[in-house]
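Residue numbering begins at 1 within each chain, and the chains themselves are lettered A, B, C, D and E in the order written.
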Amino acid sequence: MSKHIEVRPEIYTKIRDFMKKLGADDFIKCFNCGTCTVACPIAEVLGIVPFSRKIIRYIMLGLEEDLVNSKEILLCLHCGECSEYCPKGANPAETMHALKTYIIQNYLLKR
Amino acid sequence: MRDKDVRIGVYICHCGTNIAGIVDVEEVARYASSIPGVVVARHYTFMCSETGQNMIKDDIKNLKLNGVVVAACSPALHEVTFKNAVKEAGLNPYLFEMVNIREHCSWTHTDRRLATEKAKDLVRMAIAKVKELEPLEEVKAEVVNSVLVVGSGVAGLSAALTLARAGLTVYIIDKRPVLGGFVTRLVNIAPIGIRGREFVKPMIDELVEMPNVKVLTNAEVISVEGGVGNFKVRIRQRPTYISDLCTLCGYCEKACPIEVPNEYEGKLTMRKAIYLPFKEAYPPKYVIDENACTKCGKCIDACPVKAIDLSVKERYIDLNVGAIIIAVGHEPYEPDKGEFGYGLTRRVITSLQLERLLDEEGPTGGRFIIDGKVPKTIVFISCVGSLIGNKTTNACSRRCCSTITYDTLKILSKNPDSHIYILYRDIRTYGFEEELYWKALENGVVFVKFEEPPKVEVMGDKIMVYVREATINKNIVIPADLVVLFVGMTPSNAGEIVRIFKLSRTADGFIREAHLKLRPAETPTEGIFLAGAAAGPKGVMESVIHGAAAASKALALLLNKKYILREPLVAKVDEELCSGCLICVGMCPFNAISVKYVGERRVATVNPLLCMGCGTCAAACPSGAMEHNGFKDKQILAQVRAFAGVVV
Amino acid sequence: MEGAKLGEVAVVGGGIAGIQAALDLADTEFKVYLIERSPSIGGRMAQLDKTFPTLDCASCILTPKMAEVLRKDNIELLTLAEVVDVIKNGNKFKLTIKQRPRYVDTNKCTGCGTCVEKCTARGKLGAPDEFNEGLSTRTAVYIPFPQAVPKKAVIDPNICLRLRYKRGCGICEKVCPANAINFNDTERILNLTVDAVIVATGYKFIDPRLPELSIYGYGKYPEVYTNIEFERILDARGPTGGALIKKDGSHPERIVFIQCVGSRHYKINPYCSAYCCMASIKQAILAKEHEPKVDVTILYMDIRAYGKGFQDFYNRAENEYGIRFIKGRTAGITEDPSKKKLIVKYEDVMRGTIETMETDMVVLALGIVPNIPSFLNRLGVVRNGRVITRPGDPISTYVDGIFVIGATLNPTDIPDAVLQGSAAAARVTEHVLRRKTPFEVMRS
Amino acid sequence: MSSEYEPKVLMFTCNWCSYAAADLAGTSRMKTPHNIRIVRVMCSGRVDPQFIMEAFAQGADGVIVSGCHPGDCHYMEGNYKALRRMLLLRKLLEQLGIEPERLRLEWISASEARKFVEITTDTVEKLRKLGPLKPRLDYVRKIMEEVVK
Amino acid sequence: MSPKVRVALYWLASCGGCEESQVDAISDKIDIISNLEIVFWPVAMDFKKEDVEKLPDESIDVAVINGGVRLKEHVEMVKLLRRKSKIVIAYGSCASWGGIPGLANLYDINEVLSRVYSEVPTLQEKGVMPRPKSVTNEGMEIELTEVLPMLLPLDAVIDVDYYIPGCPPTPETFLKALETLLSGNLPPRKSVIGASTRALCEECPLNKTKPDKVLIKEIRRIYNTKIDPSKCLLVQGIPCLGPVTRGGCNAKCPRVGSPCIGCYGPLDKHIDYGAKAISFIASILDLNDENEIKKALDNGIPDPAGLVHKFTLPASRLKVNLKRGEHK
């Protein structure tokens, strides 16, 4: 089982608690339906697909370095289209925004 | 053959486009009208509809028909419908033959010419048979206003309770020592959230107090004879060594030297050979496990009220009932050793064992711990035994998804900071149970869909679960402290039940209903009904409803009824021809044929109430004296000759 | 007590669940009033061509049961009748029923259909045919559908020229061989006293024109259908005579089914409607049978093939009929005016790619919610849009003698509805014979 | 044998198992050969060897008798009796010039639609190779007609 | 007394047994003999074919013909007798259904002839075949009638009025038949006379020794089985055809411990006597495993056709072995 990435649940809890303080922990409701990716105006253009759904999966699975290296967080324009279409009210736009502050605080500033 | 006064009506059904789409129904009707003896041949879009049936009834009255042929779907669907229509028009319903030109013709052929040719042949064969049919009168049979319910799970109890409340005599039996069935091992019954045994307790309490209810535990049916309205059932009751004097003091249990895994607790703990299955079990007495008990007799001495007698033998009970309800439930799938790591470590358990761990009365007293430690990361794998695993029924077990989400909420209420992952094929929380799925999500449960079943590797006290998370194109591994295999439902020794009650099974191995939508609570055998998970995976509440539905069918058959009318398609002896060679007597498994004397001539005679109508004796009868009503030699030979194109 | 009626029961709603309950009650010697709002019993199932998972034709299951309702002399059928109020007194129930005028004498009418042929209010003057979900129009005097029970004509006062202007036309009266037409028929109020009431009023579709659902373009693009409309297209008795054709008559090369439209949505309807995965699979198979070359895709979130024989049906759809199942959801449907095709953009979640599919037809698997009659609210058994029943017995409400079955309770498929029908009959027998509430469980 | 020769096959099915399997093959829309005509009897035990003799004499190219699997018979033992009769009948038929492949006895349970399709298709294939029975029957009839003239 | 009954008797592919039984039956019945006027009886007296041809049509009251139709000459004679007689009776199993000679239909006629004329070990000159025309040493031209490709029962050639079953019919059967014929009210044409309408078991003294379930574990051969003559043979595994054969012989054979071989032939309801016999014998073989059944059948019934069609092959539904003749 060579390239299996280990899932780190504590990362998921850490990020979730952080986002909860920012009032943006709706993303846990996401059941991976993919509407946000299609609703996002820039995902297809930039060819970085799937968009916010992928980030939420990274958080849920606690894949830290994938999160840190993902450029989606920085490219997101926070237009809110994805939250508009999300059938679960998981509010992916808020999540991306809150996640940007989390990444900046915990990783970029430290580097 | 009564050719001169034969007046036959032939009716071809379009069945919308199901038949007319492939078979040229006008051509078949035209051909039928060309056959001598046919006075009218029609075709219509839905013969089974009210208009279609009226067409037949009007023709019978106006054209004085004495024979009807309907070419439509399978007799399994609407033979009864058309027979009733013929009967209502005043014609004997047994002067009717149904031709299957849908399932056996239009649905299975594509070539329009050949399918029409076949339909014409089948219609010709049916017309030839109808010409030889004779009017028959239904057999009036005494009916016994009592019902045997096999299985005392939720479905059995629900059916028994409804029947008993309506005043029928009810015998309810179970192969296990106590009533309640599988559900007694569950800790939370959605949506109420009470224990399984607490759910069935009021049902059992009410049942056992009723004078018209008899309960038999450790009992299995070994043979069934007779037919609807009058079944003779032989039941073997394995010895219950402990009498009703038992006061549940438990001294015997302390004295017993034998320890075996306790399957009620999912084999997580041990129990003695003499034990009490669970709290408030009925009958309220200890039970001896025959396979484990070495008959050392220590318990006899320990028992203060001398309630134990190890010399009790098994006994046989013969019952006479009017109807039988099969509610034998299901068996949870038992994974093999090594299947997803099961049996290799105490950290891989089945959903059954999870139920016991969550039960305050369970082995861990409700604290959700494994080997003394609270499992931090828990991975659920669903569809084990249903869609994935070594042996699968290749059918969804319907309840696992709702139960998984319900159990995660219970775990989180005990250990709020556990991390729970659910690996699933499809989350099938159908209907209002979708809210369970949403609640689980909102409590931080992570759902991962797999296409290839996950792999499980035991590494010390960590269980590594490898799965491909295709939605982000990554292979992930979850280092779990506990893996729970959500096992599906498999048929509970359906093979045995099917053999004894002469039933059959569907592709998934469960017992086959008469028709999934027309008659879902009945089996093809008249008088034998079906309820609960025996027919296929079902939830507790769905079993309650299925039990009540089966009861409703039994009520319709027996409530306030003194006799019922049984199909006259039984064997009959032509005493003028019978030479008394008695070959037929040896043929009948139902002992329906006996000997009688006409003057000093010994002849065979058939008891129409016992005869099940298989016709084996008629085929064996060397002189042709034994005839099978509705399938007489001349009737079948007419079909064979018509098959070869002989228009008669 | 042989033959003596055990009691009288009202079954509200003439769909498959109500019919099964009525039949079982009649078998157990009850006097049954089967009360149906529309001109004929049969409910939604009457509009179906085939049923899953056995692909039996719906009428082959339903019509004989409807015919048997007529045959049972202890079932009295009240059509065009709506239960306005139910009042409990002692262990009986007083029902007030408003029966709309049929304007046709049911004893005389033979259902020959001559009036329908001659009626002037047709086409633009006609009304959308409920049986075909409005895909075709019907005349003012009409017979709901070929296998209707009772197979009698009924006149729609909204578009009948005579009824609207009190004079003129009246052609149907002239041509009717049985002179069954009666223009001065009036609304009647009936009062019934029964021992028990079984409510089986079925479900309502979520309105596909809701603003949140506008992304699917229903109503805007002609080739976007709801699944019941698509079923009508597939049905030989439907507007296209069973031909799988678009509104412009051409044959579709590709069809896309979109699941969970108006279901599992936090704003519109958070619940799953249970029937639509299997209904779409069935319709996909039927489409393939009508046009083997058509390319069919189903966009789903989870395929809920939970019942007996469902998984096998799902496997056969995928492996034998070549229907493509893609886990993914669209954010909206747009039209490519040049090629007159619809564009469905969705993410194929399992491959993580955005796909844009050109399709000829889109079928929306529309969500359903229970259709709860107002009198249940007054009986206090309804809370936020759902009927509350006893925890141990899902079809018995807390009011003894009132039972609720079928989609009125929760989204159910046909086999479960039939079972609940029989179960309700058993509950009524219990209730009447023992006057004891069933399942004294947890009266919390 | 010539390709356009279409064998005629008579099939006796028992009401509980094989007839239901044929139904299931229909509901599952499985394609079966057009040559089969089914006569429904309550049990395979009802099939009298005289029916089969009559079928061959009338020009049937093949006869299939199908019932429930041993042990599953709705009437306990009907299928065992069918087994015994067919085994003895096949020995007699062989002496009368009817190839054993023309008479088949098969166990098909209610859910074995695929087996029903395989057996019927295989039978028709085999009978195509064996060729029609009719010419031999016509030859005998021709002899008898000449004698009577 | 009414004028004498004019009787013609003839024999075809016969063994003479029928004549024996006829003589046994009426030799001491003076009242019957005095009533008969025999106009044609070649086996007993020197009657010639011309004697019959001279007679006016239908002048013979009864023609009693026994034996199966084997030769071309038989065909001519029986057509002639039919023309000349009011009633034609098929006397004995051979005339009624082809009898034992009918078993030749299992083989191609050339195989039969070559077996008879070249393979039989006691032949001096092998291969000398019968020739339709030949000249004797004395130079006299003689003709030999041709052998038919298959043996036929009488009713396949001419219209037969009544059948008297048996090989040979017992004297009692013949007398009972005569009594019926002379009784004035004739039974319906084509019916079997002189015998019972039910199976042999009814008359058989051993029938009452049957247990209530007639089931056997194996089929045994009479020649190597020690049977208890006081008990029903079938129950001891011997394939006795009593249950499927017409009664009337007062169970001559089973009475002496020999199984019925079916010489009184089929009952009215049978359409194929052999298939019906197969059915009942196989049905009572109480074995359920396919191989066990096969073994029991192979040991017990090596030659099914010989057992169940000993007398009835030419009248059975298939009549011949379809694989013989040019049409292999």
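In the analysis below, contacts are C-beta pairs under 8 Å (C-beta built on N, C-alpha and C of every residue); 3 or more make two chains touch, one makes a residue touch a chain.
Keep in mind it's a predicted model, so treat the numbers as computed, not measured.
Visitor: Can you name the chains that touch subunit B as well as subunit E?
Guide: A chain counts here if it touches both subunit B and subunit E, which gives D.
Visitor: Centre to centre, using CA atoms, which chain is the farthest one from subunit D?
Guide: With centres defined by C-alpha atoms, farthest from subunit D sits A.
Visitor: Most contacts: which chain pair?
Guide: B-C
Visitor: Computing the C-alpha centre of each chain, which chain sits at the greatest distance from subunit B?
Guide: If we average the C-alpha coordinates per chain, E ends up farthest from subunit B.
Visitor: Taking each chain's centre as the average of its Cα atoms, which chain lies closest to the overall Cα centroid?
Guide: Central by C-alpha mean position: chain B.
Visitor: Taking the mean of the C-alpha atoms as each chain's centre, how many Å separate subunit A from subunit C?
Guide: 42
Visitor: For subunit D and subunit E, what's the span in angstrom between their mean Cα positions?
Guide: The separation of the two C-alpha centroids amounts to 32 Å.
Visitor: Express in whole angstrom the distance between the two chain centres, defined as the mean CA positions of subunit A and subunit E.
Guide: About 99 Å, centre to centre.
Visitor: Would you please write down the residue numbers of subunit B that are in contact with two or more other chains?
Guide: 427, 438, 449, 471-472, 506-507, 587, 616, 619-620, 633, 637
Visitor: Note the residues in subunit E that touch 2 or more other chains, in rising order.
Guide: Within subunit E, the residues that touch at least two other chains are 270-271, 276, 279, 283.
Visitor: Which parts of subunit A, given as residue numbers and ranges, touch two or more other chains?
Guide: Subunit A, residues with two or more chain partners: 29, 31-32, 34, 50, 53-54, 88.
Visitor: Could you list each pair of chains that touch one another?
Guide: According to the stated criterion, the contacting chain pairs are A-B, A-C, B-C, B-D, B-E, C-D, D-E.
Visitor: Where on subunit E is subunit D touching in the complex?
Guide: Touch list, subunit E to subunit D: 69, 75, 106, 148-150, 152, 156-157, 270-272, 274-276, 278-279, 281-283, 285, 287-288, 290, 293-294, 297, 301, 303-305, 308-309, 316-327.
Visitor: So in the complex, the part of subunit D that touches subunit B is made up of which residues?
Guide: Of all residues in subunit D, those touching subunit B are 8, 10, 16-17, 19-20, 22-27, 29-32, 34, 37-43, 45-51, 54-55, 58-60, 68, 71-78, 81, 85, 109-111.
Visitor: So in the complex, which bits of subunit B are touching subunit D?
Guide: 74-76, 100, 102-104, 107-111, 114-115, 117-118, 121-122, 125, 498-499, 502, 504-507, 512, 524-525, 569, 587, 589-590, 612-616, 618-620, 628, 631, 633, 636-637, 639-641, 643-646
Visitor: Which subunit C residues qualify as touching subunit D in the complex?
Guide: So the residues of subunit C touching subunit D come out as 54-56, 289, 316.
Visitor: Taking the complex as given, what residues does subunit B use to touch subunit E?
Guide: Touching subunit E from subunit B are residues 576-583, 585-587, 595, 601-602, 616, 619-625, 633, 637.
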